[in-house]
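In order of appearance the chains are A, B and C, and numbering begins at 1 in each one.
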Amino acid sequence: MSLLEVSDIVVRFGGVTALDEASFTIDEGQICGLIGPNGAGKTTLFNVISRLYTADSGSVRFGEHDVLATPPHKIAGIGIARTFQNLGLFPSNTVLQNVMIGAHHRTKTEFLQAMFRTPAARREERETRELAIEILNDLNLAHVANSPAAGLPYGTLKRIELARAVAADSKLLMLDEPASGLTHSEVEELGETIRLLRDRYDLTVLLVEHHMAMVMSISDKVVALDFGRKIAEGTPSEVQNDPAVIEAYLGVEAS
Amino acid sequence: MAKTTIIRGTSQYRSIVTVGFALLGLVVILLPFVMSGFRTFQFTMALLWALGVLSLNMLTGWSGQISLGHSALFGLGSYTTCILVGTYEWNPLLTIPVAALVTFIFGIMIGIPALRLAGLYLALMTLAIGVAFTPVIRRFKEHTGGSMGISIKKKVFPEEIVGLNLDQYLYFLVVIFAVVMFALARNLLKSRVGRAITAMRDNEIPAQTMGIYPARYKTLIFATSSMFAGIAGALYAFVIRFSAPYSFTLTLAIFFLAGLVVGGIGTLAGAVLGGLFIQFVPYYAEEINQSLAGMVFGIIIIVIMVTAPTGVLGLIKKVRARVVTVADPPVVRN
Amino acid sequence: MTKFFQLVIAGIEIGSIYALVALAIVIIYASTGLKNLAQGEMAMFSAFIAYQFHAWGLGIWLALILAILTTFVLGMGVQQVVLKPVQDSSLLTVVIVTLGLFLGLNSVAGFIWGYMMLAFPAIFPEGAVEIGSVGISYAAIGVFAVLLACAGALFALFQFTKIGLAMRAVAYNKETSMLVGVQVNRVIMVGFGLAASLGAVGGIFAAPKLFLDPFMMLTVLIYALASAAFGGLDSPLGAVIAGLFIGVIENLAGGYIGFIGSDLKIVVPLVIILGTLLFRPQGLLGRKYIPRV
């Protein structure tokens, strides 16, 4: 059985139909590329799965969970983590704290334990910190750990967001244009990193990206959207050669 | 001049901090013995205001929610103590947990509807609470003494306690409470909960996707902040031995806010500076003119927000940064 | 029944004041996204200015017109000096700054005119129109008429004048307006002056009833904010309707529910704010929007 199953999702904003009966599935352990021109509805789909937007109809199943019946703050708890296209960091917190916040749903300390620093609270705090440091090391971010997130270079911020999502220890990792704003060599490195993370943390990855070379090289499968509809689904080479996909891209942006 | 760098956690850093705190502790302990009773009383009051500012800071500085109802919460704590001691002759110290509980519950009652929407409406609703407090207290005059207020007889406190006169006793009582409350606040801020709250303030929607439930944290920090204000208010009742509706008007709420802005929003030590400011600026300003304090506060709030939003503490840190750099140790995997 | 109508009329009279201040709040909010918590204090200040002109020997109508014009200029000045620097800052900053303004204005008024209640001369003649057993005072009729006139003038301004059109454009979208050549800053400045003048009308017409003191507008501010929230923060029409409605409800509640009486009337706007917030956050006539992620 597939891990994620998106069925007939429809989302409308006034006159705009951002998603039009979009359906696809991802198997456990896969890296699934989600491509499509700007405005195709990719981010909207992420927002539906994170429960930030409400779908007009359709359903999303994740493992045994009915995602659309899960409140937004419990999505992390069922094992879905994500990054944001326009960065969703906490600028006044340090990088280390940002990553520790990623582990929020896995930890338990509440008001009273925190105020009185009970032994359990201290242990948990230490463990969370060690975990975050480990991930920061994995992603070559240890040197900025104590800087406030505000003011770091864009490429670094993108990696911090990735680190934070990894700290959630999720089953599904949704990355919204992680390579945007990165230099050419950084993009290649990012592709490697994503694969590495998938293997080390047993992740399934849903990857939105415009950087075709990277998507095609690391994805096990690719789904293409245009105007909210799925126009192709298959292996990277199938999708790459699909006439509808070529048309969608050529029609919008002649490259 | 070569700049020194001090790394947190090293023995050098620890000894500097230890010496600093020891000196501060010495000053705090000696103060009531070298100052007059009235001066001691003034510092006690400054600490009470500092606790009020601290409580507002937990809400506004940490979670970004604004409250103009903290004058009412402070007043609620004060009235709880005055009524229990004055009317029902309770032991004053036992009224503190009651005041804490009452204001905590009240905080939840405000916090729950408040979290339905953004700060704009919260400002509005708490403003209404701040303004409504005085007439509501007047309305229930059977219990509150109405416009006349309600007082605690001086004799509920012994003349001399462990060799201290009443001013000194109250001073140390408030100091102890202040130390504990500041420590609790600091622990909370530097924990999973504090991180969740500041994350929510910085960027609420992503915070939600990390599993942070905004409703829960907003309500609880509102209630905790209310409780801190309530305890400060109860201590105020110890010191002033009187509660009147006109002591807890919107002006007090704005004074707390001014203390917060002056000290530095979001900082803990700033609250102490804010408390001193609230106590001493009006005291000296009103010798010149009754309205001067308000004008000074109003102008200072605006000027600081426009030019130096980090407040006095931010300025102190900037100056300090010219002389020494305080850095965190590098992060290494162990 | 007489009591009922009497209460309704008193409600409309005070509600007209709420509506005027609420209109001021809504106009500023709609055009700048800024909620001016000092709106009531600005209105109070204007009432004192009118008082001062009158005390210097001007006729009451001349005094109040001059006060309103002065306020227009002062309002623009306040916007330029105090609010413009924080216009694009966080909500928290803006709220704090308007509260600083609140405290500052309040104290300056106390400094100049003192804290004793001052009697403000009647603007409308004494007496009432009798309909059956119900008396409608000239003051009530007058204030209501002033509200209608202001609302009408505002409508005409927005619909038929160039500056009104520019204000609507800025309210709708600041960036686009700038691109098509609207002088956004000037428009906001004028909008602020206009709002201050509307508030001034409210303050001045409230003064004979409430007496003058630096705290006179405090409760009016709460009612006005409740009206603005209830009517919809971006809807002038909503503000007028809600202001009148709240005035009437408040009087009926105070008059018929013994437990509430005059002290607890203040809880009425609180309940209304809460109710709005819980059941219709965008207000009666406000627009709803979905934030983008």
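Here are some notes:
Here is the rule we go by: contacts are C-beta pairs under 8 Å (C-beta built on N, C-alpha and C of every residue); 3 or more make two chains touch, one makes a residue touch a chain.
The structure displayed is predicted, hence computed values, not measured ones.
Summarising the inter-chain layout, the chain whose CA centre lies farthest from the centre of chain C is A.
When chain centres are taken as C-alpha averages, the shortest distance to the whole-protein C-alpha average belongs to B.
Chain A and chain B have CA centres that are 41 Å apart. Inter-chain spacing, taken between the CA centroids of chain A and chain C, is 48 Å.
The distance from the centre of chain B to the centre of chain C, with each centre set as the mean of the Cα atoms, comes to 33 Å. Each of residues 52, 84 in chain A touches at least two other chains.
In chain C, 293 are the positions where the chain touches two or more neighbouring chains simultaneously. Residues of chain B in contact with at least two other chains: 205.
On the side of chain A, the complex with chain B involves touching residues 50, 52, 72-77, 81-82, 84, 88-93, 96-98, 100-102, 104-105, 107, 109-111, 114-117, 121, 124-125, 128, 130, 133-134, 136-137, 142-143, 145-146, 164, 168. The touching residues of chain B, counted against chain C in their complex, run 60, 64, 66, 68, 113, 116-121, 123-125, 127-129, 131-132, 135-136, 138-139, 205, 250-251, 254, 257-258, 261, 265, 289-295, 297-302, 305-306, 309. Residues 35, 37, 82, 85-86, 89-93, 95-97, 99-108, 110-111, 115, 218-219, 221-222, 225-226, 229, 233, 261, 263-267, 269-270, 273-274, 277-278, 281, 291, 293 of chain C are the ones that touch chain B when the two sit in their complex. Across the interface of their complex, chain A is touched by residues 184-185, 187-188, 191-196, 198-199, 201-203, 205-214, 220, 224, 266, 327-328, 330-334 of chain B.
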